[in-house]
Amino acid sequence: MAKLLLVNGPNLNLLGVREPDTYGTDSLDDVVDLVRSTAARWDMGVDAVQSNHEGVLIDAIHAARGTCAAIVINPGAFTHTSVALRDALTGVALPVAEVHISNIHRREPFRHHSFVSDVAELVIVGAGLRGYAYAVEGIARHVQQC
Amino acid sequence: MAKLLLVNGPNLNLLGVREPDTYGTDSLDDVVDLVRSTAARWDMGVDAVQSNHEGVLIDAIHAARGTCAAIVINPGAFTHTSVALRDALTGVALPVAEVHISNIHRREPFRHHSFVSDVAELVIVGAGLRGYAYAVEGIARHVQQC
Amino acid sequence: MAKLLLVNGPNLNLLGVREPDTYGTDSLDDVVDLVRSTAARWDMGVDAVQSNHEGVLIDAIHAARGTCAAIVINPGAFTHTSVALRDALTGVALPVAEVHISNIHRREPFRHHSFVSDVAELVIVGAGLRGYAYAVEGIARHVQQC
Amino acid sequence: MAKLLLVNGPNLNLLGVREPDTYGTDSLDDVVDLVRSTAARWDMGVDAVQSNHEGVLIDAIHAARGTCAAIVINPGAFTHTSVALRDALTGVALPVAEVHISNIHRREPFRHHSFVSDVAELVIVGAGLRGYAYAVEGIARHVQQC
Amino acid sequence: MAKLLLVNGPNLNLLGVREPDTYGTDSLDDVVDLVRSTAARWDMGVDAVQSNHEGVLIDAIHAARGTCAAIVINPGAFTHTSVALRDALTGVALPVAEVHISNIHRREPFRHHSFVSDVAELVIVGAGLRGYAYAVEGIARHVQQC
Amino acid sequence: MAKLLLVNGPNLNLLGVREPDTYGTDSLDDVVDLVRSTAARWDMGVDAVQSNHEGVLIDAIHAARGTCAAIVINPGAFTHTSVALRDALTGVALPVAEVHISNIHRREPFRHHSFVSDVAELVIVGAGLRGYAYAVEGIARHVQQC
Amino acid sequence: MAKLLLVNGPNLNLLGVREPDTYGTDSLDDVVDLVRSTAARWDMGVDAVQSNHEGVLIDAIHAARGTCAAIVINPGAFTHTSVALRDALTGVALPVAEVHISNIHRREPFRHHSFVSDVAELVIVGAGLRGYAYAVEGIARHVQQC
Amino acid sequence: MAKLLLVNGPNLNLLGVREPDTYGTDSLDDVVDLVRSTAARWDMGVDAVQSNHEGVLIDAIHAARGTCAAIVINPGAFTHTSVALRDALTGVALPVAEVHISNIHRREPFRHHSFVSDVAELVIVGAGLRGYAYAVEGIARHVQQC
Amino acid sequence: MAKLLLVNGPNLNLLGVREPDTYGTDSLDDVVDLVRSTAARWDMGVDAVQSNHEGVLIDAIHAARGTCAAIVINPGAFTHTSVALRDALTGVALPVAEVHISNIHRREPFRHHSFVSDVAELVIVGAGLRGYAYAVEGIARHVQQC
Amino acid sequence: MAKLLLVNGPNLNLLGVREPDTYGTDSLDDVVDLVRSTAARWDMGVDAVQSNHEGVLIDAIHAARGTCAAIVINPGAFTHTSVALRDALTGVALPVAEVHISNIHRREPFRHHSFVSDVAELVIVGAGLRGYAYAVEGIARHVQQC
Amino acid sequence: MAKLLLVNGPNLNLLGVREPDTYGTDSLDDVVDLVRSTAARWDMGVDAVQSNHEGVLIDAIHAARGTCAAIVINPGAFTHTSVALRDALTGVALPVAEVHISNIHRREPFRHHSFVSDVAELVIVGAGLRGYAYAVEGIARHVQQC
Amino acid sequence: MAKLLLVNGPNLNLLGVREPDTYGTDSLDDVVDLVRSTAARWDMGVDAVQSNHEGVLIDAIHAARGTCAAIVINPGAFTHTSVALRDALTGVALPVAEVHISNIHRREPFRHHSFVSDVAELVIVGAGLRGYAYAVEGIARHVQQC
């Protein structure tokens, strides 16, 4: 069974932990579950990694060569600063879907540029946790029609 | 039954007409059908407009006040140049989902800025025609949980 | 009797319609009435046009050649994007007064530049609907002392 | 009786003194008279200051706390360079109307930015000396409807 | 017989009407006649459109698919602001010649950039009405040697 | 007893080790001792972390949720490049004092911008090791008067 | 006994006078008292000046040559605009500590650059009135170890 | 008989020599022949210069004072870098037509600015060698109607 | 006898006072003497003003109307920041010579722009105190040949 | 025997693994062998580190203090983003040679700036794997002639 | 006898030749005579070169090593574009005086930057031909007091 | 036997002549000898040119068509300003190695951009005269493996 790599960047481990009244009680585990169940509908398994360490994420992406068919990534703050992460993604030559839970275009100007978007196939912004589902479906369709 | 307004901007009438070997044979009618069927799953109807005239789009958005619950828009080239369209969207105070069929981040630098994104709830880029379905689902969920 | 052309740009038809508790109940009709009554004190009539279509505004400005002595314009969002409107104003060689109801200097940076201001005689910003009255008086004085 | 503070910045003392054939014979005294007579129609008195010394203007603005209800200011060249004047205006928390006799948008680029406009209620540009009258009326209406 | 589409943008309807002592008495009709007679020498007919409405121009360009072999365009002010017009030109995949009657490089800085030039084959600037003739000849040679 | 988290960024482990004649013999341990003794005067304990790994610092900041009342941070080179560190600080919602031993305003232009300063309460620059003491006192006063 | 010159720039005379519920009741006199008492602990006296006139501040700085050992300055708005004040500070060649009561990095972009910081020894930002105490201690330590 | 000066800048001597399959076999001699034959139709002779030495081109332009009626120039790479060439053109006060064989707007950004265009009467870009013919005709018409 | 106004800006009172070994022992009095003796050779008297107060300099320039034939000015730091001083110079419509003792082009980038240079007739930079003599001679020649 | 530290940044572990037909079959091990054999000719040993973790690289550089005589570094993507790596290099005060296998000047604009180049002695770009040999020779000559 | 090298850049050979009613009848020969007579008063001879060829000027500057004591240069258009000329000046390590006949600060923005000014001792702008005399005197004083 | 063209730009003739204590006594002749001996190891001959005249360098590059297999160039100051030189290099379609003796990244910002680097195969910076040897070897390997 083909697999997706799900990558979540720095600080995303705080999801659902802090201020549940405001941000809801969905946690990173819920994100992983949602990604797994969506991928399952496309007959794909999921490897998931979250880390606050850029190097851990790069190592995980490298490990996806030969094991995964595509990558769904929410790079968090690395979106705006990490050329190394971008190079890892192009280095393994897998199709990429980029997700941002909140609408980064409403935030500070330094969040308006992404080092990932132009090497991704698709980008989902501001759709909340559901954005991961759209990313999985979008990249699964992309993989299966290639 | 609540309705969505589907807005397609300039040159999107050419969809599917030109170079079918490359871009596929899906036309703007197919986009409208996809939006209608997706919206129907959320018990919503669809009003659809496409025009190469900025003013026609603004008039249609104004007409959505009181008749529609949300807007799904692919502003085409107006994305990058039309403050008037942005002001129409904020003027009617409806939630907005922005869609771009291709990945605008891979194209010319003047396509990297959108006057719509920071007044939209969610933005779907590069997911092909399926992006409209994600936009409909995303904005429908937004409306129904408000 | 000399005439003024009153031009109102995109989205100004929404004046007074939306959120009357906040923005007041004065509508675009009230603006036109205020302009007419002010102009009458200077023995001038008024032709009025509002449109969300740039082309309609340009056509109306062209039609003012030979029939109007001056133009009072609130270009709305076209202020910041329309070179064509600017060229129409300079093309008919009539004196221009520019009005903005709200204080555009407090808003987004893209609203801080006007393509009209340097081809206008005077600019009134942030004085609310009364700004139209000042614009009429200012341009009428300009016309009558030329 | 409520009072306005009228502030005129550097070099405005030269008004009417130099090249009367070109600029007219209206002097700074005429400006003050116009402001007084306009204010009187709104039952307001006027304190007037002109200085080429930034510090004198700031001191005068500070002195307006508790004695004046609003400020009408033509900051002259300080418009473009004085953060201290801006801070004085916000420091006394009085509503402000900004006036420029000539159309600064037609002049050098360094005159296109104002440190005052976004802390003012209204801005009148290019209406000649009459601009002071519009500024007085505009700020008086603002004060009396607050 | 192959046809050219001649597109003239906003405010070009004023040609020859205003200030004939300065700009000459050649009107837009004379431009069309010049284009027709030049095209005839290359055995080509001409469809001509002028509008102050961006949407009308885009619609006309779309209509040229399958009916015209090339486009000669003076986009007027849309040169500098309209991505939609650019996309219409690339959308119909016809070769384009761009003409400007006056030398735009001597004018305001915002007129120094064209959204059309890099999608055109050739650009003629400052040659007066004759520039249309050079554009027709240039694009006709291009078409006939392809 | 309330605790402070003391965070020292990359290369600060070299303090006092290199060129003692020039930089003095105070080491990172001395910094920690100074912070501890100062905090003790405000009845606060100290958790201290130094790392050249961004991820280690982020993890430590996350761990301060619920255990520490404030953060004193010298982000070193991450000051200028790490959005992830900034997001960790805002993610745990603790008050922050930023310290730089040397005067970064005298150094290369890329050191003049800090991603931390606008999310910190106070910033101490150029005061040498004593700057940590001021930061501790400043943030302790902030915490205890909240 | 060595002396410090304490310089407070424009509008700082309003400290504690306006909105005491918000900003507290500490006035400029309280600042001077705090500086005096802190300096006394380092066996230093204090000369204090506050003015809204740039020239008065420059004259005071000049007068410190030969009479003072260091300068503590809150330049207020002159921070961002006054090269003359900077030149006065370097002209008298005394060590300088710069203080800002609020966190200027959270305010408008034009407040992010200081003409003083790179000629100061240390900079204290956002620590409230206590920042003056840190500045005095910091510059006193600097003077006494030179 | 009036004369034109034809100026070709650096590297244009390589025309037709290199890669004839791609660029055609027309050489610089063919350009000169085309210019001569076109000029002859306007009763004008041609002086021609090509050099890779900026100084040679400037000397030739100087020599055209009193001997030539106009200049046709393809400045090659000097277009973008040579103020001296621009000054030579304005120094001899002859009308100028600028030609570029290829469409420089499709090339690197540093080729988008020309130091010649705003001192030329007309500019022909991307019309291939025929562009020289249009330039000759355009400048000949300009000269003969002056 | 015609007079020159000699204006020296902020901090120039420190000339010759500080570090005589480095900067020499020539003081501002020596500058005035040099200007007087040079002017005398052109049968001109000298009014001299130095101040650290911008307003004092502006007042002195205003007072030169009708009494002086030209102005020699070293604006010091106001060179780079004072639009008001520039406006005073153009307001009195006297010819101006600008002097800088040191070579400002070797100093910080913010010293490379002068608000005075484009309203001056001539500018002397880096010639030391002798620069004043050249400025006097230059402006005297300018006055006497007008 | 003196030693070199060889540092390879993120993603360089993929060398030779991916697309051997295109990039050749030389791997990172081959790079290390080449560096060792080249260094041996200069009587130097080699410590080698590659990591996708910035912190690991910084730690390795720190460890080179007292053990290595120079550093040869290919910082990969950290070239363009890591001030921390730069600071580590200057912190250990060893001479540095920077290598890039491909010609970064032909790639995206964000790869044109290096935070390492101005703290390196020499920079080798685009020479393929051989570039490491030149870097070793260059830095060895530098070390041995110091 | 010590010698000066007088360097005049491109197009300065046109001095006095063109439009004598406007620019006067002084030619480049008159400039050389003025420089010779001024230099003679300081017991210096003059070598003079003018060329429109950058290389000729550089060669002449190189030849001044060992034969001349200083350089007076009006680089003409090379002021703004020639790093090679700048490097020649620093390469021969002679003191330099830069002259511009007209006030370049009143001309196009690209003339506001000089590659020579920060490697010159003094700069004379806008003083007409007399500026050469001031430059000679200034650099002679500089040489003789070294 | 294949040949290399060695090109040295302006001011490089001064190598070794000036300040031998500082820069060493190696002259341009030594550079040529080093290049010849290195090339000989790759069975290549060398044509060498140095000039301060851009045109001479371009002519020499043109002459290399058909006679040389590659170019080694130190463009000196033309690196940063000469598009013509770049075009000559691409015009002859030979592989290029760029050399800079000193580390240009440590010098003025205008030396950080090269018009040659992105059309070269490899770039060697800061390796002193040895850099020429690396360039020769690098480009020889490139030629011989093509």
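Labels A, B, C, D, E, F, G, H, I, J, K and L are assigned to the chains in the order they are written; within every chain, residues are numbered from 1.
The rule we apply is simple: a residue touches a chain if its C-beta (ideal position, glycine included) is under 8 Å from a C-beta of that chain, and two chains touch if they have at least 3 such contacts.
Quantities reported herein were computed from a predicted structural model and do not represent experimental measurements.
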Chains touching both subunit B and subunit K, listed by label: none
Interface with more contacting C-beta pairs, comparing K-L to I-K: I-K
From the options F-J, I-K or E-H, the pair that copies A-J, where over half of the contact pairs coincide: F-J
Subunit D and subunit H: spacing of chain centres that average the CA atoms, whole Å: 55
Centre-to-centre distance between subunit G and subunit D (centres being mean Cα positions), rounded to whole Å: 31
Chain centre separation (subunit C, subunit L; CA means) in Å: 63
Multi-partner residues of subunit B (at least 2 other chains): 53-56, 81
Pairs of chains in contact (touch as defined earlier), listed by label: A-B, A-F, A-J, B-C, B-E, C-D, C-E, D-G, D-I, E-H, F-G, F-J, G-I, H-K, H-L, I-K, J-L, K-L
Of all residues in subunit K, those that touch subunit I in their complex: 103, 105-106, 114, 117-118, 120-128, 130-131, 134, 137-138, 141
Subunit C contact footprint on subunit B (complex, rising order): 53-56, 58-59, 62, 65, 81-84, 86-88, 91-93, 115
Interfacial residue positions of subunit I with respect to subunit G in the complex: 9-11, 13-14, 18, 51-56, 76-78, 80-81, 110-111
